[in-house]
Amino acid sequence: MTKLLIDCDPGVDDAMAILFALNRRDAEVIGISVARGNCSAAQGTENALRLLKLAGREGEIPVCMGAAEPLYGLREDRYPTPFHGENGLGNIKIPASSQKAADEEVEDFLYRLALENEGEVVLIELGRMTNIARTVQKYPSFVKKIRRVVCMGGTVFAPGNSSPVAEANFYGDPEAIDLVMQQDWPLTVVGLDVTTAIHLYYDDLLKLAERCREDCKEEVKFLCDINVCYQEGNRRQNRMFGYFPLHDPLALIVALEPSIVNTRRMPARVECEGKLTRGMIVTDRRDHPFEGKNVEFCLEVNERKVLDILFDAFM
Amino acid sequence: MTKLLIDCDPGVDDAMAILFALNRRDAEVIGISVARGNCSAAQGTENALRLLKLAGREGEIPVCMGAAEPLYGLREDRYPTPFHGENGLGNIKIPASSQKAADEEVEDFLYRLALENEGEVVLIELGRMTNIARTVQKYPSFVKKIRRVVCMGGTVFAPGNSSPVAEANFYGDPEAIDLVMQQDWPLTVVGLDVTTAIHLYYDDLLKLAERCREDCKEEVKFLCDINVCYQEGNRRQNRMFGYFPLHDPLALIVALEPSIVNTRRMPARVECEGKLTRGMIVTDRRDHPFEGKNVEFCLEVNERKVLDILFDAFM
Amino acid sequence: MTKLLIDCDPGVDDAMAILFALNRRDAEVIGISVARGNCSAAQGTENALRLLKLAGREGEIPVCMGAAEPLYGLREDRYPTPFHGENGLGNIKIPASSQKAADEEVEDFLYRLALENEGEVVLIELGRMTNIARTVQKYPSFVKKIRRVVCMGGTVFAPGNSSPVAEANFYGDPEAIDLVMQQDWPLTVVGLDVTTAIHLYYDDLLKLAERCREDCKEEVKFLCDINVCYQEGNRRQNRMFGYFPLHDPLALIVALEPSIVNTRRMPARVECEGKLTRGMIVTDRRDHPFEGKNVEFCLEVNERKVLDILFDAFM
Amino acid sequence: MTKLLIDCDPGVDDAMAILFALNRRDAEVIGISVARGNCSAAQGTENALRLLKLAGREGEIPVCMGAAEPLYGLREDRYPTPFHGENGLGNIKIPASSQKAADEEVEDFLYRLALENEGEVVLIELGRMTNIARTVQKYPSFVKKIRRVVCMGGTVFAPGNSSPVAEANFYGDPEAIDLVMQQDWPLTVVGLDVTTAIHLYYDDLLKLAERCREDCKEEVKFLCDINVCYQEGNRRQNRMFGYFPLHDPLALIVALEPSIVNTRRMPARVECEGKLTRGMIVTDRRDHPFEGKNVEFCLEVNERKVLDILFDAFM
């Protein structure tokens, strides 16, 4: 049983990732925190609470609202509504939950859960690193309580999506991710090198809705609904016709079934300045590299198997 | 017969490239200009003149001293003496020439030669782009007079050598190369993706010295001598034992025998700011790329054949 | 904005290529000329005029009828009706246009448009090179007015389709293409090495018809209709079940988005004699190659992205 | 024990191949026939006789002089003296033999040996196919007596050496090889696709001369001597510095140790006309290929292992 602490910004693919996690019998989600990203922190927190209700887990898993803006304040920053809609969930409405968000600062929330499950927590990052960075700043010992960090974001060799060389989560708060990268914990980056290698066809999602477990029907129907918007965003901006990449769910799949990826550890930093390169991961593959923590990057992925794993959780 | 106009900073591998060009029967070197890089512009100019004398071409090919510093002035900038020695030629001394450098500004020199050979000149860049950029600034119509530009420098996918992501020629004057890249001429970049794929073993150079044409003996002996320093620099900084990469000569080989490389055209800019990324080539491989000229990058090379071509010029 | 001058023989895949070009916002089609190939020159010209009407561009783009037979006259030469039907458009009828073909010889037509857009024209060849060759013969200076030539045809390493080693456009008029190849302009060949690497599934075309832009509905419906015949021809002769290769549209995609292919420049000629090899591209990859212009051949292609680009133009 | 009947044109690499065969314990050379190729038929016959004497096999293996010119007469045809010297053996002289050439027509010689060893003979072709073609013409039943034919020559994907697309043995008598290819026997072609993939360094041959078996010393010394010329020819014409390809010996290695190559069977013909393509192998990889016998072509080779096998025969 893997204890997952999920920091996110739900978000269509965050929603898919969370529902996937909740349906895995070998995973226990011990808490969810939210930061600004695909939508505002407040909207994302509301979305997380409603997702838990949809999955029949209302009141069971604590949810905490976190950073309303990046570590060092807002730059020009628009929400990716073409992908995630106005409400982060592809403009699809689901019933409100009676569960309330935790009455705690996100740093205290994350640190407390880490303490209560010391050495057991796999920390999953599906959005920007703002909440994690703030927790590390407030509680440097947080780092040692965590078993492993798996984060969706960035790219090493593949093209970026927010800029030619930067992925959205890293582009949105590069200072946060650079700080997190330089901590002494095992950090695995699940970036565009592998997430864009997965092509999820919308038609396959429709087929899943017909054939999934009875108690998942509502959730999978919801995934189909929210991905109408997501698919259209990918068509417009990435010219993908009928399919889209699999970002956030892949981070969870890597956390639970690490053998589906090939990885390489490289010393890495994040460019926080630069006119064309802000938010870019700089790996140093020279013979005498710069000082930088070795970070584990996912470079290759078993594409077919990822889709099998994703669908299987709902069957 | 290909007319070559060579801008360079000699430099051990520049020297090898120039002697290679002078020994090709299908090439005519119509002029050499020099900028700061591997050594000072003055030292490099002196080196070029002496190289011509060594090759028995004293007084036949005009040499012009160009930019003493990068386009927008010097930043911290040390000469790469571990590779090229104090004098740029691996600390090897060769006799002075009676030929004097051209009494012209480098912009006038390059533009005049382009005019006199309109539509025929293949412009070879073996160092920083400072001289070319200044010529383009002074004479915008220079661009249309040139047949093709082939430049050694930069890297797309391979690690850099001046920084994790930047090659020395681009790192040394990124503003110049960015300006040159945005002009409307066919530009081929021969970067570390291909030059570091070539392994030139020092022992093979020694064998060449024994077996080369009689009238090349002195030149090849000189190449062996200057590469003692170059080899040692590569051993120390790049951990190459007994061999080294082939940078500048490859640009000439690509110019004369283009079929040895596979290339891809991509819209590209050069990062001129950035804490970690200054001098990096930013190619945009996204579906909706930024505005930028399509530049042709060499991505793969027939390694064995490159060495055959290099040696053959002296046999 | 890229100015395209299209020489073609419409033809099912020519029709797809032309409608693709007309729907690209970054391209301006400045003229269309037609030669014998997939159908007669007269039929092809009529098809081009009707295609423009279908696309709502009646009277806006000049169309010129060109060569009724190859450069040096007809050999045994059957129309490829199993692929393109009796009328070149898969036996599908569309309304006649009130626009008339230009009252000019094709050489005058092409040369005039090149002069009026000097240095800006990207010349696209989707059929045999007869019209271009005749223009070069009549106006040698035509070559210098053109920015770039991109031609669909030939094959370097892949099997041919008109013979074991020759593709149909080259097989149909080898003397014309050999003449064009030896001119001093940048020529990119988009041959079977890359076009047969693309698999366009008919079902994906049907999906496109459902989901495309409203103002494209009629055009995409037409593409579905004409490809019934094309698909059946490919099934019979190439044993492709449910899909077919993408020939002519790929030339336009390469012209507009060059980074989707990897290329190599090689000296090349076309065999105009030979019992088994007429129309074959002969590249010389020997160390001491024959005299021949360096031609740029597309050797590898990003397959998934090509289809994304194709579909996107109609969305 | 494999019975080898060798048709050849010695020739530096023929000599290496024959000495290799004579030193293999699992092979029995039952006869040698000679045709025009690397030198005249008369010179080649003399060379074969002297080689047998050098190997201590004088009088043991019959040698027959064959065709003095190609099947349908001479075209312009120069001996490759830059590779093989004036006498075919790199201008190296070895003692004459007391053995005389067989007093038979080559067709009778080959047919008789095939009859005497019916079903057992592996026919090795190291030169042009003239003698074999003439034997097939005179004795059509010859084909059925032979176990297998392995021939050095031609190229499928690699560049040619006599023309861009043709190898010397095929270029020298294309009608003969086309006739042989259309017979109903198992024919394996060992062409430039694999022979030029082998790089034999001259220095390794010198090392072999020091370390080989005592009774091979003279033979290996001889191989070193004749390859001085061969190496120089390869340097000049193929720009190979210090190494050369392994043509004829590879055919014998494939005959004796077939697992060192990957092969593909394809229907094939030889172009006998063509301005640029005479002597080219035309394989038909289309879905509905032409009529033509399936010929087995070697496409990939275990390079390191080939050299090991070659050297081992002399150790």
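Some observations on this one:
Per-chain residue numbering starts at 1, and chain names A, B, C and D are given in the order in which the chains are listed.
Operating definition for what follows: a residue touches a chain if its C-beta (ideal position, glycine included) is under 8 Å from a C-beta of that chain, and two chains touch if they have at least 3 such contacts.
Fair warning: this is a prediction, and the values are worked out from it, not measured in the lab.
The most distant chain from chain D, with centres taken as the mean of CA atoms, is A.
Across the two candidate interfaces, A-B and A-C, the one carrying more C-beta contacts is A-B.
Chain centres here are Cα averages; for chain A and chain D they lie 64 Å apart. Put simply, the C-alpha centre of chain A and that of chain C have 45 angstrom between them. Residue positions of chain C touching 2 or more other chains, listed in rising order: 283, 285, 287, 305, 308-309, 312. With chains as nodes and touching pairs as edges, the resulting graph is of another kind, matching none of line, ring, star or complete. Chains that are in contact with each other form these pairs: A-B, A-C, B-C, B-D, C-D. The touching residues of chain D, counted against chain B in their complex, run 199, 235-236, 238-242.
Those residues of chain D that touch chain C in the shared complex are 157, 159-161, 164-165, 237-239, 269, 271-278, 280, 282-290. Residue ranges on chain C touching chain A, taken from their complex, read 204, 207-208, 211, 304-305, 307-309, 311-312, 315.
Residue ranges of chain C in contact with chain B, taken from their complex: 186, 258-259, 261-267, 283, 285, 287, 294, 299-300, 305, 308-309, 312.
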